[in-house]
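Order as written gives the chain letters A, B, C and D; numbering starts at 1 within each chain.
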Amino acid sequence: MNTNKISYNKYLAEIIGALLLVLVVALSGSGLSVIIFAAIAYAFIVYLFGEVSGAHANPAFTIAAWTMKKIKWQDALLYICAQLIGAGIALIILKNITGFQFTNINAIDGLTIWAILKSEIIGTAIFAMAFAAALHGKATKSNVGLVLGFGLFFGLLFANMAGGVGVLNPAVAIGANLLNWATIVGPIIGALIGAWLYRFIVLGNLCGCGTACDSTCGCGFCHKNKAMNNEPSPEVIVVEEVDVLN
Amino acid sequence: MNTNKISYNKYLAEIIGALLLVLVVALSGSGLSVIIFAAIAYAFIVYLFGEVSGAHANPAFTIAAWTMKKIKWQDALLYICAQLIGAGIALIILKNITGFQFTNINAIDGLTIWAILKSEIIGTAIFAMAFAAALHGKATKSNVGLVLGFGLFFGLLFANMAGGVGVLNPAVAIGANLLNWATIVGPIIGALIGAWLYRFIVLGNLCGCGTACDSTCGCGFCHKNKAMNNEPSPEVIVVEEVDVLN
Amino acid sequence: MNTNKISYNKYLAEIIGALLLVLVVALSGSGLSVIIFAAIAYAFIVYLFGEVSGAHANPAFTIAAWTMKKIKWQDALLYICAQLIGAGIALIILKNITGFQFTNINAIDGLTIWAILKSEIIGTAIFAMAFAAALHGKATKSNVGLVLGFGLFFGLLFANMAGGVGVLNPAVAIGANLLNWATIVGPIIGALIGAWLYRFIVLGNLCGCGTACDSTCGCGFCHKNKAMNNEPSPEVIVVEEVDVLN
Amino acid sequence: MNTNKISYNKYLAEIIGALLLVLVVALSGSGLSVIIFAAIAYAFIVYLFGEVSGAHANPAFTIAAWTMKKIKWQDALLYICAQLIGAGIALIILKNITGFQFTNINAIDGLTIWAILKSEIIGTAIFAMAFAAALHGKATKSNVGLVLGFGLFFGLLFANMAGGVGVLNPAVAIGANLLNWATIVGPIIGALIGAWLYRFIVLGNLCGCGTACDSTCGCGFCHKNKAMNNEPSPEVIVVEEVDVLN
């Protein structure tokens, strides 16, 4: 991971992740099936690419991760570009290749902008709590896909209940022709609310460095330390060689 | 965890957990879909907040945990307040915001009080065995949400089979307008039966400190020791001190 | 586990496991729903009681485990008694308490005895491979319920495809009024085939002690060693501190 | 595992794996049910036989694993033979035993060869990413079946969306009477694309030995080292032998 030369593969992971997600959402029809299929698809993407790029596959998540200093702004920018490229490829595939049925294209037509915005914010806030759990190392390698899949399922369910269509992802909104300022802005607002709320609940503060540090030295000190590493390495036990030469 | 200053975040976790659970139950319609959605929702809440507050989200569970000395009475009281606040917020949201369809409101209308009480006790007893499994460290961080989700699924299924509606949670009963003395008392009785039965089966006694301690020194000694910590740390690596004094 | 006094709790686990399983099968209706509900119920029972009794909840499995020397004959006998007691309690509950709908009672009426026997053997053989995987420590604490749930799902599916009703469990056959000599004998034959086939495939021999031992010293030596313990303890690593003071 | 005498059991695992998979696909009807049943069946096979043979159960995967030097050509050949034997047994069972309903037999009749080939390549490429994840140790023992089950579910879903029937497995194509050159060639092409793409994304190169090695010494050196072992043993704790002889 600590290589500087070949770091472009994580952008490739983001392209493919967004591409697959858009195709699933665009092709899965409507109602409960699209919710279940999208959730399984995202769980699958997380298991495949979680270790490579974090498997954001969502510009709103990338922005939230950047505000939490979990990703550098240069990387965040490239992640978003990669996600949009993936969505663009999906859009080209969907518009040109016959044999695909493009079902969701008008799903947001009958809705007011406020209904869309409200449901996108609520749904993404719930979904982003799962993302923040993974981001703060609160999910295991075995269950991380499941947790994020449940998060997307649950977020989409609430977005539907709240009267919207439930995209929760600006890249998917673009790729699946569900574009609207509300499907861009809504997820970003929701992701920021959900991710920061989760951090506050789980860590007891907004600094992202645990309660012990915060109570003694505040956020400033906390940010200087490397306590915010994305995936805490599970302390490999190394028993040092003892040379008894005498 | 051993911080005294910022412990209010766990109450926030309980508020949000109860809030989400009430909304799912109130909005998921009826039949099998509400059972599946509620189970996934609770699994999700457990994965998100299990490490923070234990993710009770249920006054009946909090009472059972208190009777097992897994939570102090002050905390138990504040947990229940938090859960009721969450349910109250859900009730306000459900009654005031249009766009939500409040479907379960009359689900218990056609039932006798005895049918409700019986099904609440049976269903919660089954559900509470899963909760007790988590409480006694018999679930892993990877599967705890799954186990409790299965528990709620299975408990709701049995409550339905027994002729009731299946709430299994006094906070949800209040928030989802399924209030009735049987939906308050039933889950509490069920949770006590299920949790204590599970402890007896798994530990071989009612003391909560393992069979080895019990057979030699009884419950009194057991309670004085700190053998009842909520999540037993998996201390596998024991470095034995070897004194080479020659 | 190494207590002699209070070992009766594992029989209680078997009673409750069989009881719940019978109730689910008897009350879940027919078709795919009973398959899914039974699979989830068994996964749940395994997560709850797997560490206590192995969560057999099935006389056919207990017999298979006994032939593999994973359980003593005295224990095996008491396990089967416990499972039958659980099934009997379920039968009493189902016949006496109104409010339960006893749906599966005539499910095997239209079938020939050969169709039942064939489908019970095939289905239980598949299911028993999952049980043997758990018995030989090839499932983790996190996934053991899932693996056995998949096994029951898959076994019931095949039993249905093979033209039978799919009980795969003599205790359930008794408790759910699906009794027939074929639903008693079939699962036992199937369990023996599936469990021994799995052992042969995974260990490369029928001795149950790994290929290394077998190739050098044969089965006789293998059985004398304690290599067949039910749940292999995950080799606690003890790093000895070496003080080199001289 | 390092035994030379009794290595034929892994071929038996491949026979049974392919046999079960063919039966499920041939007997599960059409539409979403066959997708879900096949995915659960494969997850189950992976949990049962993953440690024995890698649970390929698919000639296309065996070929992909061979091109990645994860399996010797002699073994690869015997694996494919075993998978075809399993499919052949399934075919005999399906054609001769009454009580089975052979539903999928004409599923590819109405499709053009190009539609089949396209959908097989797309579907298997997605599925093979999950297989490659397991092959490179990116799945845990707890979640490997889930990840591969999700992969098959997702691959079949995309193959269906792309206008094909979705077999993704030449052995299943033969056993389930879905034979066609496109259902043989398509999965092989797809598996090579998916597996190598995944390796490139996760390792940052095509050598299969991690980025660190690649950036300093290139693929040649990498292949000579034993860095490509099938399942990297998680050797974290290294206790060095200390000889205190004086």
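Observations on the structure shown:
The working rule: contacts are C-beta pairs under 8 Å (C-beta built on N, C-alpha and C of every residue); 3 or more make two chains touch, one makes a residue touch a chain.
These numbers come from a predicted model, not from an experiment.
If subunit A is left out, the remaining chains stay linked by touch in one piece. The rotation that brings the Cα trace of subunit C onto that of subunit D spans 90°, given to the nearest 5.
As for how the two copies subunit A and subunit B face one another, under half of their interface residue numbers coincide. Subunit B and subunit C have centres, each the mean of its CA atoms, that are 28 Å apart. The distance from the centre of subunit A to the centre of subunit C, each centre being the mean of the chain's C-alpha atoms, comes to 40 Å.
Counting partner chains per residue, subunit B has residues 142-143, 146, 237, 244 touching two or more of them.
Across the interface of their complex, subunit A is touched by residues 3, 5-7, 9, 12-13, 16, 20, 23-24, 27-28, 37, 40-41, 43-44, 47-49, 51-52, 99-101, 141-143, 145-146, 237 of subunit B.
Interface residues of subunit B, counted against subunit C in their complex, comprise 115, 118, 126, 129-130, 133, 138-140, 142-143, 146-147, 150-151, 153-154, 157-158, 161-163, 197-198, 200-205, 211-212, 214-215, 236-246.
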